[in-house]
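Take a look at the structure set out below.
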Amino acid sequence: MSHGHKVASALVGAVLLAAGAFLLTYSPAANASDVFSRMMWGTALAAGAVTVALAVYGLAYAGTGRQRAAERRRLAASHGRQGYAPDRLDLRPIRPAKFWWNMALIMLGVLFVSSAAGTGMTLSALLEMPARVWDFSGQMIGGVAQIPDEDVRGDWSSAFDAMLESVAIAWIGTLVGALFSLPCGILAARNLTPLGTYIPMRFILSVIRAVPEIVFAVAIFIPLLGVGPAERGGAMAGAFALGISSIGTLSKLISESIEGVDQGPLEASRASGATHMQMIRWAVLPQVLPEVLAIWLYRFEVNIRASAILGALGAGGIGRLISPPNGLFGQRPYDWEAIGITLFVIIAVTMAVDQISGFVRHRVIHGKTVRRRTRKQAEAAPPPEPPRAVAL
Amino acid sequence: MSAALSERPVTEPRPEPGTDRPSPPKPALAPYLGLVLLAAAAASFFIWNWEGQAVLFLPLGDTVLWAPRDPLLGLGAMMLILVLCWRLRVSPMGAFGGLAIVVITYWAGSNIHFIDRIAEVPRRLTGGNTRDQLVGYFNPDWSYLLFQNVAGTSRPIWGEWLITLCMAVVATIIGCFIGLLLAMLASPVSSLNTGTSQTVKAINSVVRSIPDVGWALLFAAFLGGTAYGLGALAAVLALIMFNIGIVAKLLGESIDAIHPGPLEAADAAGATLVQRDRVAVLPAVMPSFISYSLYVFELNIRASAALGVVGVAGIGGELSRQIGRMSQGYENVGAILWALVLVVLMVDLLSLWIRRRLL
Amino acid sequence: MIKFEDVEVVYPNGFRGLSGINLEIHQGEFVAIIGLSGAGKSTLIRAVNGLVPYTHGTLSVGETVVDPKNKSKLRKLRSKVGMIFQQFNNVGRITVLNNVLIGRSAFTPTWRSLIGWYGHQDKEVAFQSLERVGIVEKAYNRAAALSGGQQQRVAIARVLAQDPEVILADEPVASLDPPTARKVLGDLRTIQRDLGITCVVNMHHLDLARDYADRIIGMRDGKVVFDGPTAEATDSVIAEVYQREVSAGDQLAPEAEVSSKEPG
């Protein structure tokens, strides 16, 4: 019986998946308007599955009954007499039932199926996709590979201009974020700041982090700075939206790295009568500056990617070039050659910027040493924390 | 510069009060002069490429000198940074870095018309509809969000929120699992061989460099439209690609850093590669994997709201429709944005709770 | 049982780890290898199961010649040759039982390990080896939650689960405190005697080598400089191996201080 519940769970999972796929594929997409009822369908299906799984689980539990009874008897006996020496078999522990863990897994499956039903995806469309992908990527590669004539040269240069504009947006955004994040980070570091400033600062930063950058862009900076192409202010709106939302993450990371500094120099400068500002300038900043620079550069890479989505909302850059209604994907029929060229430029520029910034980061942190492959000999794995790298 | 300070000879007797202390060595002059030349060259390049109209006038007695404003500001900033570096005794390499930052900033700023747009902000605030917009955003119309339907259909607005959440869940689960597999293949620790790991890394960096909007648009085109079911599918596929990129990169780095001992033990026990990855690598990176998955889920909520802009399903689609009809009032957009902040906040709290429970 | 014929190891960076090793280790022997750090002890042990590929000569375990190039043959060999490490090398986040089951990897189909569904027989073997090292009651605890001595016992159980003919141990007790080290090594000795396993152990501490080993091999600069039964390994011989006087630092436990002549 020991593996019975695993078999059953697998079976139930398979049935669930099959049923879910059926439900998803054959739901009439046009009038499947009520998300809620579709999700309920999925949930009901899943609830049945959970019931079955629970029953199986109960059976499995009952199956170990004899062993548990023996264990109880053994324990009771050992309480009675001193020096009870059980034989070897008796020492084997009972397999602990990981009830909540299993339940969490089952719930995850349920969640998956019901939300897959909830999205109302028309999965059957996937069947037609490969042919189109083949056709279109052929055209895209053809577009990139052909010898440029006048028209195609225009595609290349507009893609390149838009991508550089994205880089410019990301740069200004990172700069704005960087300028504000250093003081904010210092104010949000527990070892440098009194509690009275620390708590409000932390609160403000977590509020900033909670607001998505599209909200900043749409609600504040597009009205304030304009929308559309760069000369009408769209790019500036994007840059400032990125900048403000960078402040949140950057300050948090910086404050964490400040909290992790070596306390020795701080105490030394405090002991020699330095003022607070002097201590920050001479004891803290030299220690954290390389890491802070690396954090800023990392955020720059992230911002390049993030600027695309703001562009789709009306802020400038590559997002504006590709997104409908006026962009490349808004035209019918699709101009696949131009799209291919644009994608190529996006990939090339992004990877180039990543490489350069990665090189500078490495140089800033490790100095002028030759890159060597050293395996970290972590004695104990550091405790898992939410990812410090805020990738996008 | 702290290195320069510490080079001061400590054995030297303390100078009498009033006499000059030995000052720290100045950096070499020649590289700095070179940097000044470089700055001048950059400034002339700026002037050559200058397209704006803004001009600064310098009244000088009976003649008036004029110069293009932006390049002159750039030159001033460059000189300022050089003088600052000189005074602070930064090494020429550091000063070059500072100069590079100023040059890039000048280029970026002129590319997005920084000064013009900033100069225009007061005018926009007093005139035009900026004030109405801001006021509208801070007076959201909640009844729209709760009781109305998407225009022309019978789908309620809150249902769109549910769809957004559903898309995020599905994409997170699928994307994280594919990302896990790719991370295993991408890290030289757990991969078949160096070739595979390099190839997978290259593919992954291509996947990562296309932004999520790009993926959404591509999949919408590949699926043949953004009709109701197709739009959701395109969004889910785009989010999956987006997640694969993040998880494969971050998790690949955690796999690189795991303690090699257990791997060696599994090897010594005669395990195959798959067995080794399963028994030694997977448990070691499981906490990071769960943590990254939760993080990716948060990102997905934000992204799936935004993806709607390109015409796919979810609340983003409604947001872009409302932005398109902004002339009828800003309260609807305001309601969606406020609700977005609320939802993101709740998802953050939820994932914090799960993280605390699990790890 | 284990036969080195003119074995050499040259690392990719050109460092010569072993040169001209000729050795024969017999079935059921408990061999201690001593020497200063960097003398090639680890390299010697790791060459036996191919963790360090040897570059010249022939190395055979039983009838099988160790072939570092042939992965599947190497795996088959490793299934017979267990290895214990200084840092235990248990996977901290999984249960003790699953750690021991890693030792069954070579006998388990890949798909079974993949879904973590080991057969009854594998589990029985794992439990029996845990019983042999005496920590079966911890079978479902996380490995990371155990003390150092218990962790090393888990590692021994993992090796025993392989049903090995040879056990290699690379400084197995160097990170344990003296009493625990003696206890763990004593257990290893007992098990080795009971099951007739050949055992090759790297040692840092002379007194442990003298107390537990049948035979001592001394190494210096990648060469074997002494090879003989424990009784022959007098202090003067060891001093020859170390190229310096034997000191108290080479001993582990206070009770063995009698055999050290010169302090410091």
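A few points about this structure:
Chains: A, B and C, in written order; residue numbering restarts at 1 for each.
The rule we apply is simple: contacts are C-beta pairs under 8 Å (C-beta built on N, C-alpha and C of every residue); 3 or more make two chains touch, one makes a residue touch a chain.
Keep in mind the model is a prediction, meaning the values are calculated, not measured.
Taken pairwise by the contact criterion, the protein chains are fully connected, each one touching every other. The interface with the greater count of contacting C-beta pairs, when B-C is set against A-B, is A-B. The most centrally placed chain, judged by C-alpha centroids, is A.
Averaged C-alpha coordinates give centres for subunit A and subunit C that are 44 Å from one another.
Here the CA centre of subunit B is 50 Å from the CA centre of subunit C.
The distance from the centre of subunit A to the centre of subunit B, with each centre set as the mean of the Cα atoms, comes to 11 Å. Shared interface positions of subunit C, i.e. residues touching 2 or more other chains, are given as 92. Across the assembly, subunit B contributes 284, 287 as residues in contact with two or more other chains.
Counting partner chains per residue, subunit A has residues 380-381 touching two or more of them. Per the touch definition, subunit A reaches subunit B in the complex via residues 29-30, 32-36, 39, 108, 111-112, 114-116, 118-123, 125-126, 128-129, 132-133, 136, 164-165, 167-169, 171-172, 175, 209-212, 214-215, 218-220, 223-226, 230-231, 233, 235-236, 239, 282, 286, 305-306, 308-309, 311-314, 316, 318-319, 322-324, 329, 334, 343, 346-347, 350-351, 354, 375-381, 383-387, 389, 391-392.
Interface residues of subunit A facing subunit C in the complex, by the touch rule stated above, are 3, 6, 88, 91-93, 95-96, 380-381. Listed in rising order, the residues of subunit C touching subunit A in the complex are 92, 117, 127, 131, 136-140. Remark: subunit B residues 261-262, 264-272, 274-276, 278-280, 283-284, 286-287 touch subunit C in the complex.
Taken in their complex, subunit C has these residues touching subunit B: 49, 51, 75-79, 81-83, 85, 87-94, 98, 101-103, 105-106, 108, 110, 113-114, 116, 155, 158-159, 162, 168.
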